[in-house]
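Each of the next two complexes has chain A plus one more chain, namely chain B in the first and chain C in the second.
Right, the complex of A and B next:
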């Protein structure tokens, strides 16, 4: 674990990225033993339908709460990728929604493309779990939090009656990322 | 509306303050025409059961996202009051849960004590809406966002099937604050 790890989750409003950011930071700080700060910045782009949530995880109290050079970017649509990919740390990780973002020819960062929306539709039957699949992917690829901590944090936050669908989606994301790693 | 308005919501985990912070910032930025940043900081105190959410609302993009000298503090328990009241801006506003926080003899800020938990139990029958009652109180006392914007933001975020109970709680908070103003 490095001293400070910056994560930016980006996509469209309604994709549940704020909830994903809250869950990820609570997994890190309540169930694992880190400090975490979770931030949403809203401006005119929010009124235009964009959504962005940031999480900074650290081993010490976090002085500056914004992600300025993310170690990890999740981009669920092209607009988000175009806006944020350039900020990514060199040798950082960018996870793109495979059917929504056109991958560039070459990058300074590691690029992983997973058909998150298609997985949500076909394997869970609900597009609304795109955020949970994304969290499972992030956990598997970064190991920034423990899987068990993440699952506890999910159960703490999702509405009653949706526990099963959400934890299944989390697991699906982990499995999808594992397959990717093995490729 | 001032250029920058800082809000800190504090209490115990499970009181829904993170959701309240998200709703308040979305009311300001998506339904009203402001910029907003919403932040959660988690450390050992989160593992101990404390919860804090911050919202900064402004007429311009917000450079520093944390509330350092809040214009408004909501303190739902004694621990939160003791920890944060001293940070409040001179002539700022502190809203305390009347049955959970012992009011001090004198303060540099305006103090409003409302029995939020008792209202939730007796008027709604569910303590879980303490956060929505609090939002209604904040709206009425500060007018920082429009009531209609706040209601839209609530409906955008609460789980399906809970719209009625949550909007009733919001309205109850507004009415309780109105009575307080008239005293």
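Right, the complex of A and C next:
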């Protein structure tokens, strides 16, 4: 773990990115005992519009709570990729939703493209778990928090009755990232 | 940390938890972004703590309800944002004049008018001091971290009760919605202040007679005394008066109650200030950008410090003068077009150059912007 690790989760309103940010930062702050701060930015719409959640995790107290040069960007749609990819730290990691974001020819960051929405539809049957699959992918690729911590945080935050599909989605994300690494 | 009392919460939730731990038992409000989580939390918490939650027809009614509940003895609060804060000003003045203890939270968003409901700003700082008409006493505090919001929420109730005065707790969209780990206090160890009681339980005829701290000894409604509460100039009985001596004494007493007790009210933080050549003065969530800027500049060998007033009003004049003494440059970042800097310029005069960093586009002031200002770029 580094002194300061910046994560930006971006996409459309309604994709559960703020909840994903809350779960990731709670896993880090409560179950892994790091410092973590979560902030968000969204428009006035309930669904649609641009949505962004940011998480800063580190071994030292976090003063500035926002990501300025993210170590990790998750972009679930083209609009958010176009807006934020350029801020990414050199040699940072960008995870894109493979069917929603057109991959660039070359980048100076590591690019991971996974069909997150398709996985949600086909393997879970609910698009609503896109955020949990994303968390599983992030955990596997970065190891920024422990998987068990992340799972505990998911169970603490998701609505009653949805524990099963959410933890299955988390695991699905982890498996998808493992497969991607092997390819 | 006591893990049982550790929470991972938003600033707004921490504000609600602090209110409950301070003994708040009444909330009258009207929801508005980005403050609504405070009402949401208290609507669930208050009934479990023998308190009452009322959503009123609008912000004006909400502030009226807050005053009524406070006069009946409740530890009373409301929470809002800019547009609602504007609506509350008339009744806020009534609370200042009638010396009604209450806490008003303003989670600041972009303005003027409807502005930008989901974007941060610090544009209500001078409104918090001077929003209602007339010379009036007020306490304004602007915490920075989620942990601090919890503590300042408790302190706001204590100050309101001790001095029988409205206290404005200024948050903003960033620290109101930001989540961090906090540790709640052990309820048994929290020092709680209660409004001073009149010397007799019944038939106390001088509700506006003051104790040694200058605070009136007003009984709670329903405890046996008959007395009058008014927004008009009044004497010790609470009834209106045209007597110039009594009116002048009242106006001086209202201001003195806060100004003479400044040592009991002021709170601020000096971070790496003593040997600093450049000093950043920042408050609220912007102080986090400032602290990051100071840390980065220190690593590069530049002597930079941060002075952070929590209590914006009454103004910590002596502390600001002490922190600024001998500095070559003062940098004042604010998410407005230059408000608290006006107060600072009055205190510091023209001897030290003051650079402003201002932003109202809905994005926070970044550490880089502050660093650039310190470096004269």
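The rule is short, and it goes like this: the second predicted complex is superposed on the first by the 176 of 183 C-alpha atoms of A that agree within 3 Å, B and C clash if a C-alpha of one lies under 4 Å from a C-alpha of the other, contacts with A are read in each partner's own complex, and residues count from 1 in each chain.
Note that in this section a contact is a pair of C-beta atoms (placed from the backbone, for glycine too) under 8 Å apart; a residue touches a chain by one contact, two chains touch by 3 or more.
Note that the structure is a prediction, hence the values are computed from the model and not measured.
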Side-by-side fit of chain B and chain C on chain A, or clash:
clash
Residues of chain A touched: more by chain B or chain C?
B
For A:39, using the defined touch cut-off, is the partner it touches chain B, chain C, both, or neither? Pick first, second, both or neither.
both
Counting only touches as set out at the top, which of chain B and chain C does A:68 meet: first, second, both, neither?
second
Report for A:155: first if it touches chain B alone, second if chain C alone, otherwise both or neither.
neither
First, second, both or neither for A:25, with chain B first and chain C second:
both
On chain A, the residue positions that both chain B and chain C contact, one per complex:
22, 25-26, 29-30, 35-43, 65-66
Mind listing the chain B positions that touch chain A in their complex?
13, 18, 22, 25-26, 28-30, 35-43, 46-47, 61-62, 65-66, 159-160
Of all residues in chain C, those that touch chain A in their complex:
6, 8, 33, 117-119, 174, 177-181, 285, 288-289, 291-292, 295, 364, 366-368
Across the complex, what residues on chain A touch chain C?
22, 25-26, 29-30, 35-44, 63-66, 68
